[in-house]
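Below are two complexes that have chain A in common, paired first with chain B and then with chain C.
Right after this comes the complex of A and B.
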């Protein structure tokens, strides 16, 4: 995808503390990009700089080749939805949605047509004449979304728009946001600290850590091929075991501390192998382990220390001979006869990702 | 009113109270909220309603029963002028305090901590100074050979001294100065409660600074303006010392008239009627504000 929005070596410091350091991203037109990271990692600051509400310390932001920095926020042609409700309290829902069109002095007919489209888009036709404080939080955010999209901005920025809503409403609105993205083709930059939300919505995710972008990639890559231990730990659960790559083409691993996968002739102890909790099948050591002896690669042995039933899955904590702990998720019916203290073999279902 | 949990609790209580004295006490207290309000009601009755009733009684009973006092107040040209003066001065003072108070409150709201505190401090110091002293100070500043006139003359802006005192100008200047804090404080708290994100969001909607002010900031300040304006208006209606000191014989206001009627003319009935009119206007202003800016009604939304 060719770059449409270019963020170029952008930094922002507040006095001594650096909120964003040397971030560069290339974002394509129509892409849904999420900034994911823990609180305080600089996501909002970057978004605010794109919106023009904060001035970068160094670096540049370009849209279709032209720098955005000299453009005032009200002329940037950007729509934004904030975490806190920012509807104008003395205006009705319809007046709020029409506000940006009024500011741009659209003619009345066009305003009216677009308003009706927007009310239909966020499914709030019956609420057009209500005041914001007569709406629920989810409805208010839908109005904010409609207002941000009303004047057909080139870009839609959202700063944790769903963080204050409860879980079921969140799912509904996530679906709605995705639908709006697909039907309008808008370029969306979305900030969240919720990895599941990021996975669900995004074309690409930029993972933030201490003001820098650790990795910028598709959700699948972020999960399966994380670029750093931080990314591996922040997105999903990670079991990291010290390991060494055997061969670039066939990256089998040897694990440290005697937890060998059984591949002979490897020196363990370098690098880290990432196993996700669903990368294993748990087998009791006394049932059929004979079939899984040294000849068979990809088995780790250990002792169960804890079993937690979560409904669709059961989480099993296994302590290896080296002392390392591995979290495994299994379907409940496969684990009915397992108890803490049991000796088990973990069969590795797929090759682990070796962290660079 | 004996509920399950209360019963179980009463069982664990020591002492000879088998049926749960706590539950019984609570039941009695709950039935007695009206009774508990009696002292407060008595206080209001005694210190507020009773004097008002006496005032009303006096205004329609002295010197003889009937509405004669009210008829005289509303028909006599001199008294009508006083009523008109009161109303005009209160209205002008209200408008001027809002016009000056709004930018001052805004300045305090947007200044950093130091300057905000400094400005507030100035206002507080002037408020803590005696009313009499401040009115007297204005008399000295405003008189025809006072500081202001001499300065304007020295600058060559005027040749004859302006008459700034012993007329409505003097009264308005003095009262505006004294009542300014009563519009600044409610406005300041309203402005501080405005979500800054609201203005940022409006800017991203394409509003320039002026449009943000006009369409977002100013409407959000309206409740504060209304509260301050009502306060100033009601206080102006009954103002006494400042109009007496800075006004002239042609700017007599209602409070001064009442004092005059009661102390000099000993016409208690007429004085009471004038006071009751003042009271009625005040209540009407308050009712109007509740009607326009009822916080409970606007919270329900809709139009």
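Right after this comes the complex of A and C.
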């Protein structure tokens, strides 16, 4: 995808503290990109700089080749939905959605047509004449979304728009946002600290940490091939084991505890092997599943220290001989006969990802 | 709570009595002056021997009193508008936290409130003499606006602090310039604070006497000044009428302010 929005070596400091440091991203037209990271990692600050509400300390933002920085925020043609409810309290839902069109002096007919489209898009036709304080939080955010999209902006920015809503409403609105992205083709930049939300919505995710972007990739790559220990730990649960890679003629990873697992195509060296909780099958050592041979993908042995039933999965905590702990997720019916204290073999189902 | 009113037993009647006494003490002069304005005695005898409206007729028939009433209204309105416009500008600058030295500016603006009024009055008087503003409408308005400014700043800063600036930012991203966003979103959202500030600024000008005495001259005097000068010459019940007018107006405005603040919550 060719770059449409280029963020080029952008930094922002507030006095002594640096909120965003040297971030560069290339975003394609129509992409749904999420900024994911813990609170305070600089996601909102970057979004505000793109919107023009904050001025970068250094660096540049370009849209279709032209710098956005000299353009005033009200002329950038960007829509934004904030975490807090920002509807104008003394205007009705319809007047709020029409506000940006009024500011742009659209003619009445066009305003009216677009207003109806927008009310239909967020399914709030019968609430058109209500004031914002007569709406629920979820409805207010849907109006805010309609207002931000009403004037057909080139880009839609969303700063944790669903953070204040409860779980089931969140899922509904996530689906709605996806649908709106598909039907309008808008480029969306979405900020969240919720990894599941990021996975659900995004074409690509930029993972933020201390003001820098640790990795910018598709949800699949972020999960399966994280670029750093931070990304591995922030997105999903990670089991990291120290590992040593042998030369390419003998592709295998030696894990602490003496086990090894075949891993073709690796550069020799030391590193950390990442296993996700679903990368194992747990087998009782005493059931004599001798079908396992070292020639296969390998096993790790350990002792169960805890078992937690979560409904669709059971989480099993296993302590290895080396003292390392591994969290495994299994279907409940596979674990009925397991108890804490049991000796188990963890059969490795997938090649581990070796963190660079 | 330990000192819950309902659990105080007999002591609570003592508290009620003290409360009533204090209220009575504060209200008595007010009741007194209102009753006297309707009393028939030329010599302000209390209790009045009979009731009459003739002092009210005298008040409205006297062009001097009427002019003073008009002057007070006009000065109060103009001073309130100026104090609120400047107060709003200052409050906007300070509440966004981007201004260096905002704290010092705040302190400076609150100065007229803590400075002894006489000191301020002498200062304003000598300055006005140089500028030739004594005994002029502008002189009155500016000096009253100075005294009212701290109050409008406090009210408006509070109003802006309880207003979420993201609302204004959202309006800007909708395509409104910063000032249009303020006009369409910020000011309507803090309109209760603005109205309250106007009322308080007006009231401060309305019963301002110290600076006004320095400012006044043959051309222009406000109602409190006229009251003061008349009082020194002759004690007529018309003074009670004028006092009642000042009082009634203040009460009405205070009531409006109180209703607005309650509705704002």
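Worth a mention:
Please note the rule applied: the second predicted complex is superposed on the first by the 332 of 356 C-alpha atoms of A that agree within 3 Å, B and C clash if a C-alpha of one lies under 4 Å from a C-alpha of the other, contacts with A are read in each partner's own complex, and residues count from 1 in each chain.
Definition applied: a residue touches a chain if its C-beta (ideal position, glycine included) is under 8 Å from a C-beta of that chain, and two chains touch if they have at least 3 such contacts.
Values in this document were obtained by computation on a predicted structure and should not be read as measured data.
Because the two structures share chain A, they can be overlaid on it, and in that overlay chain B clashes with chain C. Looking at the shared chain after the overlay, A:272 reaches neither chain B nor chain C. In the overlay built on the shared chain, the residue A:51 is in contact with chain B and with chain C.
Of the two partner chains, chain B and chain C are each touched by A:147.
Applying the stated contact rule after C-alpha superposition, one finds that A:19 touches neither chain B nor chain C.
Looking at the shared chain after the overlay, A:7 reaches neither chain B nor chain C. By the touch criterion defined above, A:92 reaches chain B but does not reach chain C. When the two complexes are overlaid on their common chain A, residue A:79 makes contact with chain B and with chain C alike.
Contact with chain B, but none with chain C, is seen for A:131 once the two complexes are overlaid on the shared chain.
Of the two partner chains placed by the overlay, chain B and chain C both lie in contact with A:100.
When both complexes are aligned on chain A by C-alpha atoms, chain A residues 51, 53, 73-76, 78-80, 82, 84, 86, 88-90, 99-100, 103-104, 144, 147-148, 151 touch chain B in the first and chain C in the second.
Residues 51, 53, 73-76, 78-80, 82, 84, 86, 88-90, 92, 99-100, 103-104, 129-135, 144, 147-148, 151 of chain A are the ones that touch chain B when the two sit in their complex.
Partner chain A is touched in their complex by these residues of chain C: 164, 166-167, 169-178, 180-181, 184-185, 188-189.
Those residues of chain A lying in contact with chain C across their complex are 51-53, 72-76, 78-80, 82, 84, 86, 88-90, 99-100, 103-104, 144, 147-148, 151.
Per the touch definition, chain B reaches chain A in the complex via residues 195, 197-198, 200-208, 211, 215-216, 219-220, 222, 298-303.
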